[in-house]
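In what comes next, chain A is part of two complexes: it sits with chain B in the first one and with chain C in the second one.
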Partner chain A sequence: MKKTAEIKPEDAAKELIEAYPVKVGRKRAKQIIINEVGLEEQVPEVMANVRTIPGIITMRGCSYAGCKGVVLGPTRDILQITHGPIGCGFYSWLTRRNQTRPAGMKDPNYMPYAMSTDMQEEQIIFGGEKKLKKAIEEAIDIFHPKAIGIFSTCPVGLIGDDVHAVARDMEEKHPGINIFGFSCEGYKGVSQSAGHHVANNKVFTDVVGLIDTPKQGKYKVNILGEYNIGGDAFEIERIFEKAGITLHSTFSGNSVYEEFASAHTADLNVVMCHRSINYLAEMMEKKYGIPWFKVNFVGAEATAKSLRKIAEYYGDKELKDNVEKVIEEELGEVEAARKDAASRCAGKTAMLFVGGSRAHHYQELFRELGMKTIAAGYEFAHRDDYEGRKVIPSIRVDADSRNIEELKVTQDPERYRDRLTEEDRKRLGDEFKFKNYEGMMPDMDKNTLVIDDLNHHEMEVLIEKYRPDIFCAGVKEKYVVQKYGIPLKQLHSYDYGGPYAGFKGAVNFYHDIDEMLSTKVWSLVKAPWDDSPQLTARYACE
Partner chain B sequence: MLLRHTPKEIKERSALTINPAKTCQPIGAMYAALGVHKCLPHSHGSQGCCAYHRSALTRHYKEPVMAGTSSFTEGASVFGGQANLLEAINNIFTIYNPDVIAVHTTCLSETIGDDLNQIISKAKEEGKVPAGKYVIKANTPSYVGSHVTGFANMVKGIVDAFPVNTGKRTNTINIIPGYVEPSDMAEIKRIAAELGVKAIVFPDTSNVLNGPQTGKYEMYPSGGAKIADLIKAGDSAATIALGPIASGPAAKALDAKCKVPCEILNLPIGIRATDEFVDRLRILGGVCVPESIATERGQVIDVITDNQQYFAGKTAALIGDPDQLVSLAGFLTDIGIKVRHVVTGTAGKKFEKRVKDVAGGDVNVKEAGDYFYFHQLIKNEKVDIMFGNTYSKYISRDEDIPLIRFGFPIYDRTGHQYIPSAGYRGAMRLVEKILNAILDRQDRDAAEEKFELVM
Partner chain C sequence: MKTREAPVSVTNACKLCSPLGAVLAFKGIEGAVCILHGSQGCATYIRRYMISHYKEPLDVASSSFSEDAAVFGGAASLMQGLDNLIKQYRPAVIGIATTCLSETIGDDVGRILQDYVKNRGAAKLPALINVSTPAYKGTHADGFLAAAKSAVEALAEKSEKENTLNLFPGMVSPEDIRHLKELLADFGIEYTLFPDYSETMDAGQWGGYKLIPPGGTPVKSLKNTANAALTIEFGISAQNGDSPGKFLEEKFGVKNVNMPLPIGVKATDNFIEKLEEISGATVPDKYLFERGRLIDSYVDAHKYVFGVKAAVFGDEDMVAAMAVFLDEIGMVPSICASGAPAGKLEKYLRSAITDFDGKGITVLEDADFEIIEGAVEKTSPAVMIGSSKGYKISRKLDIPLIRCAFPVHDRIGGARIALAGYTGTQKIFDSIVNSLLEARQDASPVGFSYM
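And then the complex of A and B:
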């Protein structure tokens, strides 16, 4: 077994595509990159957000999953109806670990309910709008929601059902209820990513901006792209509260409808998962004048840095002092835990292949443990998530992306408000970056591998070649990797642990990774007789 | 309260399903295909379905679940998925080298109207299917039936593809085990072996979805029905199909195709249903039931008679798949538990009668029902124990009713992969679980002076 440092990345890149038919190999080669960071964070171009090749065992899911599952799913009081055959609604039922905490027993929480029109052959042939309308009536009758989202699955578009028209009709009948549809059919785009965009658009046009009453409090910030998996948003809420920052709305972990509807009244948008929600940040800036910048609450250092940036944005001494106090208080415990875990984890290697931001964010936590990320990639991200937003102008928009609507957004004549004065801008200077995301690659070492849309075969090759100490991916990969005797940390579900965000989350993560890497169970895999299977000696009892 | 919006009052719903007690066909087809050795299931549709099905099966089995997808994009949805499937077949054989690709459709490719037979023929013509390799198929439109139907359709797809009647009858018995766990399939095989009956069991997911940790990953684990055996199944003396809904169609198709007569029995869950299975197997195989099986049987009955007082008069609510529920309802009734509510998500006219025949005429039975309705039934008439999949735990917690996990999916506990609920051994496991649930509850709720040491 070669040490990682002795493996030539060029060899690995070659081996990864060796088994492929020529055409497949050619395409994949453009998605397998040996990292290099040049001047001004210049990195090689990676092909991303392109079709998965038919027959390839991919990690990716679909647009519906990105729309309903990721973006809207975590909201507890928007009643969500899947329009389609039963499967899609069934699989997206509570499987993403979005935690939510209704204030009281009387407050709505529809998340434990999976609602579907359970389309039958009759609707496929004659259309499903009638059934959808009836389903909405029945839902209103039982649940009395203030908002309903309708999510389209694959057949809906094909049979010509117009969910938007149904939504309008039903809204007319029930003027007190906000009803909106999503054209997030599974075949749209090339991955979940298309669904994120569809969700962003609809939430922007149909929800944000409806309620003009802001939350009470100072320093009103929205967090975009935090879905409260395993309670991450709870931890961020805790830190914000401690620092005196008012968390206005989270899109969409532990969120409620009213917070979305009034999100345009906040001072600032900070973006966690750039891939899934940058559209909303951009549109809110254009229409309402809310500036945004990227933050990361994964990793203790990153959390501290993000808090400081928020404080810097306001430039307020009281807030800055508060933030410093919080960081100092929290880092004590974090440092102790980190040191302890790092004494065992340092020097070990990790690979991360997941999502559209986590494969980047979690490198922070590994770095804090002294571990090396030797290969990473996203499941459904775009070039800007790899190379940084600076490449956006040069991204070619192909047919698959073109079928997702780009909204034309203009300033809202009444609600647009410039959040920054000239003075603010001067104070912040050019150093202070808005609308920024440098991407994953500038953060990674030279000669590490960056692989977009990693598939099963390539995962096998990587593991056999590098045998990393830990692999991070999702549930479909988990048991494959573990059969190799290598622990896999799920970065979608956290293996039902977490939270991993914020300070407490970092401590949890150090602890969990330490345990995974030092557990004795793997030493049981080999039986004592495995090395000498042939019995030649005599029985001791003879 | 987790399910805080579920009212006690039941209103008729005709369009909205709330908390489904079924899922879509392809996942059942994928599961069945994994029961063929060196077979890679392939989902012909957009990749989201495949991701969902693989994830769901993975969460249930905690094992690798491999499957390809045609990864439709909008273009394929408009122009048809032929090009995607042809490319997929070529890629799969080149990269993953299975012996069989088992293609199933999704609601998307069905709505488009892709003709699998034609596409597969074309793949063969174009030399995309290497010699000695197979591409088999099943149509699994998700807007018809449920995951159980999908399973049945793929098992039928296996029958359409492999068995050959050479004219030389053997004394082998085919057993189609139904949509049950790998552990159950292994148990059914073991019973046949104990009896000394030569059996071909298919599909067979044992040693595929309950594999050992060896430190080595095998894309195609040792389990699964072998192609050679599947071909020979056409010469067998008879077929026993366990579970009319999951196994019936394949057994009938095999009869029609190769003149192998079939008997369709209930799933061997509980004593009576297992008795029926063992008895038919003994007669068809021309063997005697050995002492070992008689002992296993006697042991469960011993435990049941010893604990009769704890079962007597207890009430139960059941939700799950039709074949399972019929046998389970019968078993519970046999041991003295009163079955009160039985709900399945799968539509089927005969279901009500099948349940009532074994559990009595006053049971609340519903086909094409959902968890929401099931919960309402319980709110209207509380029970002592519940049987159902993982989703039942929300009701179990809200209503404070002990839950015995039974069926698909079980995402939050383990054991079902490895330890059967079929056969007498399986009955023993069920009895142990039921007793634990009842007695733990009694221990938890007993007044201090009523707290028993010996039970």
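And then the complex of A and C:
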């Protein structure tokens, strides 16, 4: 077996596409990039956010999944009704992925419920609006929610059901309830990314800005693009509280409707998952004057850096001191755990193919363990998530992206408020970098592989060629990778583990990765009577 | 009896969509891969769900509809998808199932495939089996049955009559399939069991990866189903709907016998008796011993289960067989619920359970978990039997849940659920009794450790 350093990335890139028909190979070649970071973080162009080729086993989901599952899924008190046949609603029913913590027993939490109109053939032929209205009535009868979201599945758009008109009608009938629909039919766009955009737009037009009373507290910050996977939000909340920062609204981990509706009253938006929510950050800046910058709470160092940046934004000594105190207190435990795990993990290799931010963020944690990321890519990201926001003006808008509405946003005459004075701007300077995301590639080493929309076939080639020590993806990839004798860490749901964000999360992650890399389970694959050389090479000595 | 006025919406469904069932059936054919004709989300969701139950690789392709395909038709996407699948996998069979999307726009997959075969040349292609599975009609159980029937319809070929048995067990676990195969082999019966996903959905460590997992019913055997002496099908869904067994009977005159899933002594006895009759062999001692031990344990535990109420929920076939088994051991299946369309379950249970009305059994058809929860609250069963999806009710009402049906995604071992035969019954019997004992022990102020 060759060592990673001896493998030429050019050879790997070639092998990845060898099995394809010529046309397919040509397309995929533009999505498989050998990384190189030049001056001013210039990186090679990667083709991203383009259609998946039919018949290729993709990791991607659909627009509905991105809208209902990802962005709105973690909110507990917006009652969600799937308009469509039963499958989609069932499959997006509460999973371990998102958690929530209602303040009291009486507080509404609809996450354990999956409501569906269970469309039948009759509705496909004659229309489903009547059934949808009835379902909304039933939902109101049972749950008395403040807000209802209607999520469209494939047939809805095709049969011409107007979920927005239904929402308006029902809202007229029930004026106390905010009812809104999402046109997130599965065939829209090329991945779940389209659904994120649809969700951002609707939440922006129909929810944000409705409640003008802010939360009490100092330093009011919104976190955008944090989905409380494995309890990550709880750890971030803990750290914020300890540092004296008021977490005003989270989109959307452990969130409630009122926080969305009053989010425009905060001082600052910080963005975790750039891909899924940068639209909302941009629109809130234009309409309400809330500045945003990118943060990352995955990785102890990254968490510290993000906290410092928030303190820097306010420029307040008390907050700065608090933040430094928190970092110092927390890093003690983190360092001890890190050192211990790194003594076994350092030098090992990882591959990460997940999400639209996670494949980038988690490299931080591996770096802290002294591990090397040798290949990474996103499922549904766009070029800016790879190459940085500086490439946005040069991104070609194709038919699939044009299908998702780009909202025209103007300043709100009453609610717009400049959060920064001239003095603030001068103090922070250009170095501070608002509305910037430098992307994943500038953070990766030269000659590492960057692959967009990795599919099963390519994953298999990669594993055969490099045999990384750990692979990070989702449950769909997990058992394939593990059949190769390589552990897989699920970064969509953490395999029931977590949290991995923040300081305590880092400790959990070090521990879990250490255990996975140290397990003796693979050594059992080779039976004592089996002398096949392939097995000996792969398993016996590991 | 419904606990509230029948709602039009479904809250926490007790059914999944039909393409999922089709995927499972196709996984039971040797050398097969499958593709869903529609949005790629369908393949992704279905894979995620099945993978988290079986904990095995499961490749399902998609024709990945874009918005223009949704408007102009998906023929080109499907053909490209098939080309790419063939190039990557070199499969013996491709199973093609439709989705809401392709069905709503009216794509005629049969026609598209005819064109495809004409264009590419039949000799170069794997066997193509297509099935119509819009999720707005029926449930995953219907999709499973429809795909199984399509496969038989596409492949069965009349030739010499053979003294073989077709066994179509329905949506049972890989573990149960293995047990059924062992049974048939022990009786010396030549058989075709279909769909056989016992290895494809529950494989060991191969010491390397296999693109198409080994196992499955061979195409040759599926061809031969037309020439078998007899078909046995399990389950009330096959009894009432379209089924591969009925198709073979109508088209090729293969006699079709429907039996309930063999859970419990009587149901297994019936099946074993049939095998004895077919094979002319006497029942191997091994099964007599298994049967003996099972009845012995019934005797040992009868005082713990007698009159105890249970709520059973899930697929009709499982619920029907489980309820009859519970009745056999003296328990009361006080709630029998399924998300399948109304009309079959209660009718069957009335015929299979003596003094049905006197036993206080509530059958909920076309039910969701809201309806089931209402019924459970009302009747307070001591145990719930079904899938992981009962957990919310189990937790809320503090009733033990026995996970023995698809989907199980909060425990391991979904593929190794054993219900069939004397040994399968033994395992589920032990689980039920022990969960009752555990609940009793936990509730005891004394904290006894000896009974």
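Things worth noting here:
Throughout what follows, the second predicted complex is superposed on the first by the 530 of 542 C-alpha atoms of A that agree within 3 Å, B and C clash if a C-alpha of one lies under 4 Å from a C-alpha of the other, contacts with A are read in each partner's own complex, and residues count from 1 in each chain.
Going forward, a contact is a pair of C-beta atoms (placed from the backbone, for glycine too) under 8 Å apart; a residue touches a chain by one contact, two chains touch by 3 or more.
The model shown is predicted, which means the values in this text are computed figures rather than measured ones.
Partners chain B and chain C, brought together by superposition on chain A, clash. Residue contacts after overlaying the shared chain place A:P74 against neither chain B nor chain C.
Using the contact criterion defined above for the overlaid structures, shared-chain residue A:S532 touches chain C, although it does not reach chain B. Contacts of A:Y91 after superposition on the shared chain: both chain B and chain C are touched.
When the shared chain is aligned, chain B comes close enough to touch A:P108, but chain C does not. In the superposition on chain A, A:G498 makes contact with neither chain B nor chain C. 19-21, 24, 51-65, 81, 84-93, 112-121, 123-124, 131, 134-135, 138-139, 142, 153-155, 157-159, 185-191, 399-400, 403, 456-457, 460, 474-476, 478-480, 483-485, 525-526 are the residues of chain A that lie in the contact sets of both chain B and chain C, per the superposition on chain A.
Contacts from chain B toward chain A in the complex involve residues 1-5, 7, 11, 13-20, 22-27, 42, 45-49, 51-56, 58-59, 62-77, 84-85, 87-92, 94-96, 106-108, 110-112, 141-144, 146, 211, 213-219, 345, 372, 391, 394, 411. Interface residues of chain C facing chain A in the complex, by the touch rule stated above, are 7-13, 15-17, 19-20, 35, 38-49, 51-52, 55-70, 77-78, 80-85, 87-88, 99-101, 103-105, 134-137, 139, 203, 205-211, 370, 392, 410.
Put simply, chain A touches chain C in their complex at residues 19-21, 24, 51-65, 81, 84-93, 96, 112-121, 123-124, 131, 134-135, 138-139, 142, 153-155, 157-159, 185-192, 399-400, 403, 456-457, 460, 463, 474-476, 478-480, 483-485, 525-526, 532, 534-535, 538-539. Put simply, chain A touches chain B in their complex at residues 19-21, 24, 51-65, 81, 84-95, 105, 108-110, 112-121, 123-124, 131-139, 141-143, 153-155, 157-159, 185-191, 399-400, 403, 456-457, 460, 474-476, 478-485, 525-526.
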